[in-house]
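Both complexes below contain subunit A, partnered by subunit B and then by subunit C.
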Partner chain A sequence: MSTLFKTLLAIHVIFGVVGVIACAGVWMNMLKQKLPVRFLKWSSAIGLVSFIASWVIGGYYYAIYYGKAVKPIIQKGQYPWGHSVFMEAKEHLFLFLPFLSAAMLVALLLAGEHLEAEAPLKKALTWLVGTIVVLGAIMALSGIIISGAVR
Partner chain B sequence: MSWQFLLTFSHIIGTVLGVGGATFAEFFYLKALKDGHVDPEEGDFLKATYRVLRIGMALLILSGFGFFVLYRIGGRTELLYDPRFLAKLTLTAIIFFNALLLQIKKMPLWLGSALSFTSWYGALMLGAWRGIDASYFTILASYAGAVLMVAFVLHIIRKIYLKPIPPASS
Partner chain C sequence: MQLSNIRFKLTRAALCAAAFSVTFITGITVTADLYLPLKNWLKLMFSHHWIGKGVLAGVVFTVIAIIFSFMPTPIDELKARTLSRSAWKLTIISCIGALVIVMFFIYEAFLKH
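Now for the complex of A and B:
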């Protein structure tokens, strides 16, 4: 693997994990009675930017390098399901995260100040953020499983 | 300074903050309940402790994924299927979801504190015990046993420490 692809892979992972941590911060704070709205907005913005960065960099790595150099090794190795199950799932889940986190940020920007008073909206948004965190965690763990199969 | 050193250092700091935070959270909570209620000063101590715990957890997760990148780039991918590594990941997930369930009061406090305490010490132990020769399921079964044991010990400590002091007879 060239230095470029090593760097891209490292940046993809770091942005992805930062995105999940930022959204997990939003989720934990959405569960409080008194909402720290400023923190929620900033944290969700960090989450969105991180996911987009991870998306673009990971997409480039996948399109240019993974298919040619990594996928054949996994398919011929001991753990072919590393690609056929986990990468295939990741490819599709991958599409959701930036859009879901954009919806989270827009909702917080537009209705952040009224969330405490509007319980149904707060509940729906909490579910949305929870979905983002769980999907993000699944993506991160899938990444570990896929990487572990490269041998 | 190598990446390996930097990551190990951050990982140790994260674990120290987490283990220390979990210990002090239990200690402060017990002390706060001695008089039957949590007053503002005690509440501030608890909030600060929980903040330290969260910082520890973020450091642990970031440095943990840093190790993942290092193993992948360095071609040591067999370490990613190491039972010790997978068990540590599981404990980290348990710590996070336990904190979340405690926040929304869906986790009984006796179990929540036992889970937090055991998971943090378990992660520390797995990190320190490099030569451990056990499968993922053996490690998790031992962990489940340890959670029950810690819950029992914490229950006894609470019972002894929070026992009302009888009024002095004249």
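Now for the complex of A and C:
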């Protein structure tokens, strides 16, 4: 693997993890009674930007390099399901995250000040951001399994 | 809920547009793997089927968001309930979509042949 693709893969992972941590920050703070709305907005924005960056960079690596160089190795190796289950599911589930994060950010930006008074809406958005975090964590774990399947 | 009409409309539009995009991604992922001409068309149009799915999901998000931002606003008392229902729908659709995609690729990998 060239230095360019190694770097792209590392940046993709870093942005993905930053996105998950930022959304986990939103999730934890949404559970508080007194909401730090400014923090929620910024953390949610960082989550969205990180997921988009990870999406674009990982997408470039995936479309240009992975299919030609990595996929055949996994398919011929001991763990072909590393690609056929984990990579296939990961690449498509990853498409969810920017849209979910964008919806979460818009909700916090426009209705964030009203959430303390509207418990049902706060609860629904807490579950939404929790879903984003769980999906993000599944992405990260899938990435580890795929990397392991190549070796 | 004292949320202005424009803020309510944009929030509802984002939540509903995301729900439609997630549904679209789930649908096109399964369909393109079962119906290869669709996958080939995505490759032909966007150089890679995955890029095509992402771009089209973005188009779905934009179009649905525009449509929903023109839909009528309920009375103030119903705004919070409408938004929380939209957020719940998005969460449930995302969980079902994720489950469908994972189960589909497990089926493709282990059970199809």
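Keep in mind that, in the parts below, the second predicted complex is superposed on the first by the 151 of 151 C-alpha atoms of A that agree within 3 Å, B and C clash if a C-alpha of one lies under 4 Å from a C-alpha of the other, contacts with A are read in each partner's own complex, and residues count from 1 in each chain.
The working rule: a contact is a pair of C-beta atoms (placed from the backbone, for glycine too) under 8 Å apart; a residue touches a chain by one contact, two chains touch by 3 or more.
Worth saying up front: this structure is predicted, and the values here are computed from it rather than measured.
A.B. asks: With everything superposed onto subunit A, say whether subunit B and subunit C fit together or clash.
C.D. replies: fit
A.B. asks: According to the stated criteria, A:E118 is in contact with first (subunit B), second (subunit C), both, or neither; which is it?
C.D. replies: In the superposition, A:E118 touches subunit C alone.
A.B. asks: According to the contact criterion defined above, which of subunit B and subunit C contacts more residues of subunit A?
C.D. replies: Partner with more touched residues of subunit A: C.
A.B. asks: A:I21 contacts which: subunit B (first), subunit C (second), both, neither?
C.D. replies: A:I21 contacts subunit B only, not subunit C.
A.B. asks: In degrees, to the nearest 10, note the angle that opens at the C-alpha centre of subunit A toward the centres of subunit B and subunit C.
C.D. replies: 140
A.B. asks: Of the partners subunit B and subunit C, which touch A:L135 in the superposed model: first, second, both, neither?
C.D. replies: It touches subunit C, and subunit B stays clear.
A.B. asks: Quick one: classify A:R151 as touching subunit B (first), subunit C (second), both or neither.
C.D. replies: first
A.B. asks: Between subunit B and subunit C, once the two complexes are placed on the common chain, what is the minimum CA to CA distance in Å?
C.D. replies: 18
A.B. asks: Pick out the shared contact residues on subunit A: the ones touching subunit B in one complex and subunit C in the other.
C.D. replies: Comparing the two interfaces on subunit A, one with subunit B and one with subunit C, no residues are shared.
A.B. asks: Hey, which residues of subunit A end up touching subunit C in the complex?
C.D. replies: Going through subunit A, the ones touching subunit C are 55, 59, 62-63, 67, 80-81, 84-85, 88-89, 91-93, 95-96, 99-100, 102-103, 106-107, 110-111, 114, 117-118, 120-121, 123-125, 127-128, 131, 135, 138.
A.B. asks: For the complex, give me every residue of subunit C touching subunit A.
C.D. replies: 1-3, 7-8, 10-11, 14-15, 17-18, 21-22, 25, 29, 47-48, 50-51, 53-54, 57, 61, 80-81, 83-85, 87-88, 90-91, 94-95, 97-98, 101-102, 105-106, 108-110
A.B. asks: Along subunit A, where are the residues that touch subunit B in the complex?
C.D. replies: 1, 6, 9-10, 13-14, 17-18, 21, 24, 27-28, 31-32, 137, 140-141, 143-145, 147-151
A.B. asks: For the complex, give me every residue of subunit B touching subunit A.
C.D. replies: Residues 58, 61-62, 65-66, 68-69, 71-73, 77-78, 80-81, 89, 93, 96, 99-100, 103-104.
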